[in-house]
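What follows is chain A paired twice: with chain B in the first complex and chain C in the second.
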Partner chain A sequence: MEVARFWRTKGQRYQLVGEVCPSCGEKIFPPRDVCPACEKEAKTPYTFSGKGEVYSYSTIYSAPEGFEKYAPYTVALVRLAEGPLVTAQLTDVDAQDVKVGMPVEMVTRVLREDGERGMVVYGYKFRPVCANQGAAAQQI
Partner chain B sequence: MGVMKPNRAVGIVGYGAYVPRYRLPAQEVAELWTEGNMQLPVREKSVPGLDEDVATMSIEAARNALARSGGLLPSRIGAVWVGSESHPYAVKPTSTIVAEAIGATPYTTAADWQFACKAGTEAIQAAIGLVGSGMADYALAIGMDAAQGRPGDALEYTAGAGGAAFVIGPAEASLAVFEGSVSYVTDTPDFWRRQYEKFPEHAGRFTGEPAYFHHISSSVSQLLTEMNLKASDFTYAVFHQPNAKFPMKVGEDLGFTREQIKPGLLVNEIGNTYAGSSLIGLTAVLDIAKPGQRILLASFGSGAGSDAFSLLVQGRREGVQAPGTRDYINRRTQIDYAMYARLKGNYKLN
Partner chain C sequence: MRDVSIIGIGQVKVGEHWDKSLRELGYYALHAAMKDARLERIDSLFVGNMLSGELTGQEHLGAIIADFAGLKGVEAVKVEAACGSGAAALRMGYIAVAGGMADFVACIGVEKMTDKQNASVTSALAMAADGDYEALHGLSFVSINALLMRRYMHEHGYKKEDFAPFAINAHANAVNNPYAMFQAPVTQKQFTEAKMIADPINLLDSSPIADGAACVIIAPTAIAKEFTDRPVRIRASAIATDTVAVHDRRDPLFLEGGAISAQKAYAMAGVGPHDIDLFEVHDAFTIMSALSLEAAGFAPRGKGVALALDGEIGLSGRIPITTMGGLKARGHPVGATGMYQIVEVATQLRGEAGANQIKNARLGMAQNIGGSGATVITTILEGF
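Moving on, here comes the complex of A and B:
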């Protein structure tokens, strides 16, 4: 990934910053400045919650260049809680445990490295929602 | 100089832990290199996934700390400081990646700290100064590592991954207040890693008496004397944990009981998380501590030094949407040595 593109897209990659349409309220990800629902201009930044569920998925055994060391890994279409469908890798899960409808949450992980000397590219992946007994314990 | 206290009272506003899901039993390492004939220093250790490093682990711990900070806006954080000895880049701060990912940029200070296993408490001490002087209202201090051990070396049994993040802020907004701290350092070469070297070197048994035990005993004794406190004034005591034996021994030598030490002793379950080690122990204690209880925290960093803190718990956060330290420890996927070697990048693929 070239440096300028890496830098320009850091908001969406690190934090799921998309847009919300000021005309119809549609939540947009990735940001594209035009609302896909009403076709009006939509440039208002909106940070997504990172919660969603697996809409569909596929496990990659023959990985493209730059991703070989991660194979096998699972990519999914994730339906974000706010509506948009996002393509992303799943992480912290074994392929046989992935199910359609599985609740997932966004985490920031290494997407790839540009060789030994290049940049480390970070971005969003999704993983099964982490247990949260801590919150329950704290309410006692 | 004795005990350090800021001009205005400062505490921990929020905290968060992170541990990767993979665990390598120490027995796996022993089988490979000693045919199982090794007294195991820990039961198992945590291992980062292929897509994890100190930046990604710090981001998750920092998000958990923010979730426990009572709605604090990230833009109010005046410092993002990451202490580690395994920063992903030799040159390029981890802290700017973390700051960007949590939304603390652009008007904030950001820096990476380095002091072997006490880089995290060092960042906390500096954050107490920054907030205590009024230069910033909030600072984020992180201790996180993905530790390296040479295959077959004693460190390979224990070198784990994980750590913790702390939002340091004014006492009135805090869950626990810093009553005082001490830092004790000398030039003691017990453990080091030279530029461009992948694995650290250590001085074997020399890492014990003149390094770990001397420095922690000195910082804690000074803290207790200067603050007129004794071991029994504390409900919990958390020490740097390179193995299961050292923290128990230094604690008992200083007059603390096993009951005070055990709740923050995680090394048998996650290994030595280096700059994260004492700090993630502190998060496990904060998860269960009650207002009015006092906590001792003492780190150790090779090279060498120890920071000791006295903390007084004053509140709890209700309904926090962040996993507790035990949640991460319980999220456990056991691996064998072959998988471990793959996750550590020890196979040549082309």
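Moving on, here comes the complex of A and C:
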């Protein structure tokens, strides 16, 4: 596994660190160093709140290599409260309960594991905001 | 700039060619096109391909195919633009001939996908998407299109079964194409009951993984008639790009790259959508047909599916699409697909499409899409 590749993006994956454009104020995720709104340089880090809502979703039955054991799992485009869309998996929710517009929040989970001796890659997923707070409290 | 025409076409049947290697497939298509053009030498070779390294362990395709074809010393390079590699190779050849750098150029699209298991191919195809921000999160290429389809249904009020006409039309047309992978029709019932891959995309929304190769030979129009009785002029060839990741787009349901490349092509040819007699869309998934029809100006936003439901995409409809089966039924050997589209449009304009012939077809267009719209190549061809 490419350790450096995952180390490079740890800020994005663990904390949703993107950027804010110093020229026009656009919030940017994933970071891209050139503002998509005004095309000026934008390198100021900005940590997103992790709140958002489901823009679209899909349940994957036929998974790519390394994800077969997780199938079926549900992925989504999430519209973050600050504006950008982000692509991620949904978690702590049954596929049939997912709706467009559903409020969600970011949590850190395992994205993939490469066998017993391999690397474990963590990153953001999103879970429903209201429904799961009760369930989480019960587990504790 | 010189006017450029297609003087030869060649293709192999799309399918699972366990007995043929990538270089053989490429060579067969090249050989057929050179024979069609009554040509024994070429100046340059552009090979469109996406996944030869990942799926067959072979890069350096320009030299491999040139060597295998006995074209010692010829200029040859690979062109890669994900699923848009085929038409991108034609665009590079077009630039070479139009610019006066070469007279006879072969443009091949070739892909060998069936040597690997499904999950490996699924992973390889996801390389057309954003590796760090889409694929790393477990998204398959199908699921990215599924996100678009779900949102399209949500915004425009369509039901899942409304997308069936795209698949039904493609399969009906493939019945008469001897080079198609699936020469069999499908029904609305089969569509409704097909196996889900990434909800709401099922097996019949999706084009199949396949092996294939197609080729065209292009030359200056001024000398084209010396090589063929039915040259096909390239009236326009235009590439445009958009963000690779769908989440980076202002409006994911509008293929901006598709619109820009279509506008460039219309301007270059001095025509508009109403002048086009047939349109080979990039129907990798049914949703892509709808988005491509809208981006190219054949339907207003949200009306691409309505166009299909109204029966306007059939061979005698307002704008016939996937006239030889499309990606859905001819098959989708990714890097070869764009060249199959060109060969099929040329076949129509030469009047050789048999039972699927569009009457009086003069102008044909193809739109080849890389990724979920990040690279879009629009080509407009004219028959003589």
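One rule holds for everything that comes next: the second predicted complex is superposed on the first by the 128 of 140 C-alpha atoms of A that agree within 3 Å, B and C clash if a C-alpha of one lies under 4 Å from a C-alpha of the other, contacts with A are read in each partner's own complex, and residues count from 1 in each chain.
Following the convention adopted for this analysis, a residue touches a chain if its C-beta (ideal position, glycine included) is under 8 Å from a C-beta of that chain, and two chains touch if they have at least 3 such contacts.
Please read all numbers here as calculations on a predicted model, not as lab measurements.
Novice: By residue count, is chain A touched more by chain B or by chain C?
Specialist: On the superposition, C touches more of the residues of chain A.
Novice: Considering only touches as defined above, state whether A:Tyr122 meets chain B (first), chain C (second), both or neither.
Specialist: So A:Tyr122 only meets chain B here.
Novice: With both complexes superposed on chain A, which partner does A:Cys130 reach: first (chain B), second (chain C), both or neither?
Specialist: Only chain B; A:Cys130 stays clear of chain C.
Novice: May I ask you to decide whether A:Leu77 touches chain B, chain C, both, or neither, giving the answer as first, second, both or neither?
Specialist: second
Novice: If you stack the two complexes on chain A, which partner ends up touching A:Val20: first (chain B), second (chain C), both, or neither?
Specialist: neither
Novice: Thinking of the overlay built on chain A, is A:Tyr61 touched by chain B (first), by chain C (second), by both, or by neither?
Specialist: Touch partner of A:Tyr61: chain C, not chain B.
Novice: So in the superposed three-chain picture, is A:Lys69 touching just chain B, just chain C, both, or none of them (first/second/both/neither)?
Specialist: In the superposition, A:Lys69 contacts chain B only.
Novice: With both complexes overlaid on chain A, does A:Leu111 touch chain B (first), chain C (second), both or neither?
Specialist: A:Leu111: touches chain B and chain C.
Novice: Where on chain A do the contacts from chain B and from chain C line up?
Specialist: Comparing the two interfaces on chain A, one with chain B and one with chain C, the shared residues are 68, 70, 89, 111.
Novice: Going by the contact rule at the top, pick out the chain C residues touching chain A in the complex.
Specialist: Listed in rising order, the residues of chain C that touch chain A are 118-120, 122-123, 126, 130, 132-140, 142-144, 146-148, 150-151, 154, 195-201, 243, 245-249, 252.
Novice: Note which residues of chain A are touching chain B in the complex, please.
Specialist: Residue positions touching the partner: 10, 14-15, 47, 68-70, 89, 91-92, 94, 107-111, 120, 122, 125, 130-135, 137-139.
Novice: State the interface residues of chain B toward chain A in the complex, per the touch definition above.
Specialist: The touching residues are 21, 49-53, 55-56, 59-60, 88-89, 97, 100-103, 287-288, 316-328, 330-331, 333, 345, 349.
Novice: So in the complex, the part of chain A that touches chain C is made up of which residues?
Specialist: So the residues of chain A touching chain C come out as 5, 9, 30, 32, 36, 55-68, 70, 73, 75-77, 84-89, 95, 100, 111-112, 121, 123.
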